[in-house]
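You will see chain A twice below: alongside chain B first, and alongside chain C after that.
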Partner chain A sequence: MDASVSVPSSGKTLVRRIQRHRAIYILLVIPITYFIIFKYIPIWNGQIAFKNFMPRQGVLGSAWIGFANFVEFFDSFYFWELLRNTVMYSVGKLLISVPLSIMLAIMLYECRITVLRKTVQTLAYLPHFLSWVIMYGILLGLLAPGDGLLNDIAKAFGGRGIDYLTNVRAFPWVVLLSDAWKEMGWGAIIFIAALMAIDPTLFEAAIVEGATAWQRVRYITLPSILPVIIMVVLLRLGTILSGGFNQLYMLYSPSVYSVGDIIDTWVFRGLQEGKFALATAVGLFKGLMGLFLLTFSNRMTRKVSGSSLY
Partner chain B sequence: MAKSHMKSPVVGISATDKVFYLLVNTVLVFLFIVIAIPLWSTITLSFRPNHFIGTNFEGMFLAPWNWSGAAYKALLGNNGFIMAFFNSIKIMVYGVASALFLTVPLAYALSIRTLPGRVFFIVIILIPHMFDVGMIPSFLMVKDLGLIDKLAAVYLPTAVSTYNCLIMKGFFEGIPDELKESARIDGASEFTLLLRIILPLSKPIVMSVGLFYAVSFWNDFFHPMLYLNSNNLMPLPILLRNILMASGMNEFVEVSAFGEAPIQAIKAASVFLAAIPMVIAYPFIQRYFAKGTLLGSVKG
Partner chain C sequence: MGTKRMLLVAMMVGLLLCTPLMAQGQREAGGAGPVDIELWYGAAITEAGPPPSDWVGFQIIRDKLGINLKLTALPSNEADQDVKISAAAAADNLPDIFMVRREVWLRLVKQGMLAPVDDLYAKMPVRTALQYDADSIGFTTFEGVSYGLASPGSIAKNEGVLIRKDWLDKLGLKVPVTLDDYMQVMKAFTFNDPDGNGKHDTYGFGAFIEINNFEEGLGRRMDPFFGAFGVAGTWNMTKADFGLNVRKGKYYDAMAFIKRMADDGVVDPNWLAYKKDDFRAAWKQGRFGIMREQNAAFAATSNYAPFDKNFPNGEWIVIDPPKGPEGKQSVGVYTSQYRVYAISDRVTAEKKDAIARLLDWMSSKEGYYLLGWGVEGVNYTLDDGIPVAAGVPDPEYAFTGPKGQPYTQLRNMVFYNGEVELTSRYPTYITATSGKEMSALRVLVDMQSRPWTAAIASDTLPPPSTDLKRFYEQGVTEFITGRRALNKANWDAWVAEFDKLGGKAWEEEARSVAVANGLLR
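Up next, the complex of A and B:
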């Protein structure tokens, strides 16, 4: 790849080309050193997944124990629960927020009242920039058992108050819907960009031919952005084992661990409890699966859209 | 931004189209309300006076002249809160500075197609991005470097985002080669070229990547939670979490003797204060992503 893009260097040896770029290599020294220290030492430390790690003995000094940590994880009762919860949240968020984002993008594109369009657009992007700590504060005002807004309304209609954040049945919906509320607008941006790229003459021709607005959406808009939709779905599939640590960590509590604990939150508690090696094995399992999924989804994306992110 | 394609003069709209546009507008208004209510209820809650009797729903319609700033007065008069605010600013400023200091040269070097070993360097930065070993190996690294309980532990491990770096690389690649060549012929060194030609041309991308870094540093609560123990290093997200988790009067509230405002108002006001820098920065951020700067430049 390197040779194919380089300027044909008639007679110039590799040494001369390297010499010519020496200033660039100097630019690279600090960033690459940074990567070795802050990104590759952790990868090296990942070996403790295969060790009986003792903090006093260090990474190298601890004894190898093969796959014992992995076996312990796969045999444990929480393995399937963690996997189920993680995938449930990833897939659930995908199923809820991607269609909502597409709908929002199309509606913003079709809306002919400029003030309405701009206001909704501005407001819908905003929550993406709020952290999950702030989101938790906002949700408390809505969902608190005693005086939250939703319970106020429920009580006004004669219902009973629910503590949404500690109720096992309500909790997954709180997670999925709060994510949709926060990210729907941000997720719509990529679809809006795709909509803007549609050739306007297609719509003009359709109007002349007497197509209704519904037909234009169904037969022009949707097919035009289909490749982007597929790309977004594939890329999200690549991170299916993430599930959203920051959100779950802020919202969950011991009473909803059974439906709120995902791989990353479990690993974090493992760290707090000093179960370094076991939690590293779980993290490494997630990392390897993630690598596999990401490579796969990238390859598929390239097939579908002709280009990929990496 | 989303320009309507219906610019051509259409004489009369059919009945089905009228229904369509009515539906679009109605749903958009509905969405506006759904997004606005939680934000509005938080804002009104933060101004709730102590003597207010009524539900939160009623509180949303309380007239502004009956609002009380007691919660804000209490928070802004509290040393712990002010200190946390400045710790967050410190983390954000140091973080953005080191992030750009690392990302700009890296992205520029990787954007030079004739660089021998370019693919090797790209692979070096992609591997850690694709293969995430998890939080514990990073924790051990930070511990071994002696960074525990130092602000650097919060902003250094996340200083370079591979995604931002690739976006910037894509932008640099779009700068015409003729420009660089003519500068080189005029005798400019690579450093001069980067500082005098490339960076001024890349202001929009450097600004937007910088803003995105700033947002992520400001919002980060995970790394401070993991690495900082001292109270005087505590940034705003951690303090905010402590305030929110407290059901009733916690030590933070007691020490400061916040008699003037209800605890819910204190919570909501601290949420609002923590969000303010984002709300202020938001129009600037929006200007960049609305233009499609980021999306357009990913594809190299």
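Up next, the complex of A and C:
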């Protein structure tokens, strides 16, 4: 990137450049507007994390209360459990979904039967477009203890029904695997794109040298897409304190609060009580933690592998 | 590099300057012509759309009242409603008039975001006579000032315990009366193949977790069993024994009975995973033989039709809730069931007068029928003074039809559970498959005649903290699922922890509110 875009020497040059590439800059207006409205303006309102926010007094007029909102969050009876659950789901999804996406991408890339590849690809993408409300209906049909498909099969073989959706041992697996099922196909897209960029002559040479399919994957495919894998993992680390609100909110119930309640669901219940300052404090905490993890991991990755996000 | 940095700095400065301006929301400009009134309403039929832009009501309201009405439907889910209103309040951007639940309303009052409405009652003589009385005004009065308009809400005591009579008959069983009778019948429904299909696919009791502030813990669907022990609902609202039911000894006995139901396998094992729609689909598929259900959700034409189709010979009847060891019985608790509309304190005097004109017109004969049923001859016809769907040119546009329903989305703003409404809303009909005569009104009257526990204004007591609420709900379900062993020692330890976490303080706070407002009987 640095090689192709030289630093303009003066304002006039920059204006000329903008004029020359105006189409691209016009396209840039949309994402910049998005970031201004949804990412930068809220930063101003983020100060309510340190205030006893009273809507009538507004953001500026509300009284400063220091770190009281943060203390309320850290002092929550469930703080450590919320943190544990959130990190458990984030890391779990990272460990399950990313490898599955990579595997799916490689399998699709290697598949030479076009019809099969396209069919699998479409079927794998499909769940991504279903909302968690629909997914819950499907999961209930599959996993309900009374008449779920899985339990019916287990019972037919003399097994015992398991209350997957309300059992604290089974529930985390339901969350992790249903997320993998839903997002695996979508997550594979970026890896497929990376695979497409690999020089095909590398594979041809390997085949000539007698490399097996597994060796080609191990010594060509995986090293070639490693920067993309690192990028995906690093980006996911930035949101490690977001365990997947939509999914958990739909799937959890009081019987699995101990393993299903994450920071965001706790905050949401607080929002129902109008605790916007508390929610902002938690959001700020999550953002700072994400920023720290992202920066730290990026440096570590650069040191260890020489590849990094930025 | 220098220019790049300068640009970056300029952008940052620009952002910092523009953010406070953009974060302040918008202010309305004054002007002549119709007054703009923004109304956030609770939709009467959540699955239907809003009134279309060419709805005749908009024109009438503009021409006769000088009001340009802007409508926004609130989400159907109460939690989402609360968040939407709270978010609008946080942005200091509340609509002019909006429906709001009492807990959120109370918070907005304390934050000084609502306008007093005491002066409006006299300005709306027609509506006040029909909808507001001392009780309803008291419901929205805080420190001597009324900050909301509380109209009659959903009908009180409109749920009941229902049992499959055809299953009872097939198994030669009598209608259960006591808890033991109930257990016997539930076991028979579970293990004696009441539907005769040769499969073990039926259960005694069906439920799902349906919680609100005055029906905490396992929620209202399980209340008939708590009622048998005199501990239905969140609160005991009597002077003699006020307090949180969960802290009372009998609550443990009720929990032990429900735990036995779960252990014996007589409750549909899906009950903890069901959402409302799943539960309703389940009884229509014949999964269980006893339940607590709402009259219209059970007996209204479209709701009963799937069951009628699946089981033409099936029959549900309303029965008394189980009688406990001390002879107590209760379907559950009931409150005043008001629907509160509040006015933002940002509204001008001119707008406030316009709102009074609008609401009073809504309760006039013209407004009442237009909002309640639509246009006569298009959406309804009159049969002996009762609006009916029969006889309209296009049945799709009848007030009960898919194209007619959007025209009656505001009907809850004018209905007050009068005889005309109830007769029209719950007509007697013949079911399509079995040819049975059904009436949700008859079912309602039957349900209302059963034993209930008064818990008037228990929904106005302060809510628990987020942590305490979770501790409460999680704890009781864990005892039922067996994650915590249910014995007296464990239960007492859990209640002690509940108290330590704020349970006792919550009860004391509620007691102060209840005593100060004269809510105890």
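The working rule: the second predicted complex is superposed on the first by the 213 of 310 C-alpha atoms of A that agree within 3 Å, B and C clash if a C-alpha of one lies under 4 Å from a C-alpha of the other, contacts with A are read in each partner's own complex, and residues count from 1 in each chain.
Note that in this section contacts are C-beta pairs under 8 Å (C-beta built on N, C-alpha and C of every residue); 3 or more make two chains touch, one makes a residue touch a chain.
As the structure is a prediction and not an experimental result, all values here were calculated from the model.
When the two complexes are overlaid on their common chain A, residue A:I18 makes contact with chain B while staying clear of chain C. Touch criterion met: A:L27 reaches chain B, while chain C stays clear of it.
By the document's definition of touching, of the two partners only chain B reaches A:L284; chain C does not. For chain A, the partner that touches more of its residues is B, with chain B and chain C as the two candidates. Legend: residue contacts after superposition of the two complexes on their common chain; A:L176 is shown touching neither chain B nor chain C. Using the contact criterion defined above for the overlaid structures, shared-chain residue A:R269 touches chain C, although it does not reach chain B. By the document's definition of touching, both partners, chain B and chain C, reach A:I41. Judged by the touch definition given at the top, the superposed model places A:V59 against both chain B and chain C. Applying the stated contact rule after C-alpha superposition, one finds that A:L140 touches each of chain B and chain C. In the superposed pair of complexes, A:T119 makes contact with chain B only, with no contact to chain C.
Residue overlap on chain A between its contacts with chain B in one complex and with chain C in the other: 7, 14, 37, 40-41, 43-45, 59, 136-137, 140, 147, 268, 270-271, 276.
Of all the residues in chain A, the ones that touch chain C in their complex are 7-11, 14, 36-37, 40-41, 43-45, 53-56, 58-60, 76-78, 136-137, 140, 144-147, 161, 163, 165-168, 253-255, 257-258, 261, 266, 268-276. Those residues of chain A whose C-beta lies close enough to touch chain B in the complex are 1-2, 5-7, 14, 17-18, 21, 23-25, 27-28, 30-32, 34-35, 37-46, 48, 59, 103-105, 107-113, 116-127, 129-134, 136-142, 147-149, 152-153, 156, 181, 185, 189-190, 192-193, 195-196, 198, 200, 203-204, 207, 212-214, 245-246, 249-250, 264, 267-268, 270-271, 276, 279-280, 282-284, 286-288, 290-291, 294-295, 307, 309-310.
Looking at the complex, you find that chain C touches chain A at residues 1, 3-4, 7, 15-16, 18-20, 22-24, 79, 82-83, 86-87, 89-92, 103-104, 107, 111-113, 201, 203, 209, 268-270, 272-275, 278, 287, 463, 466-467, 469-471, 473-474, 476-478, 480-481, 483, 501. Of all residues in chain B, only 1-8, 10, 14, 16-17, 20-21, 24-25, 27-29, 31-32, 34-39, 41-42, 45, 55-57, 60, 101-103, 105-106, 108-109, 112-119, 121, 124-128, 130-141, 144-145, 156-157, 159-160, 166, 189-191, 194, 215, 218-222, 226, 237, 240-241, 244, 264, 267-268, 270-271, 274-275, 278-279, 281-282, 285-286, 289, 292, 295-296, 298-299 touch chain A in the complex they form.
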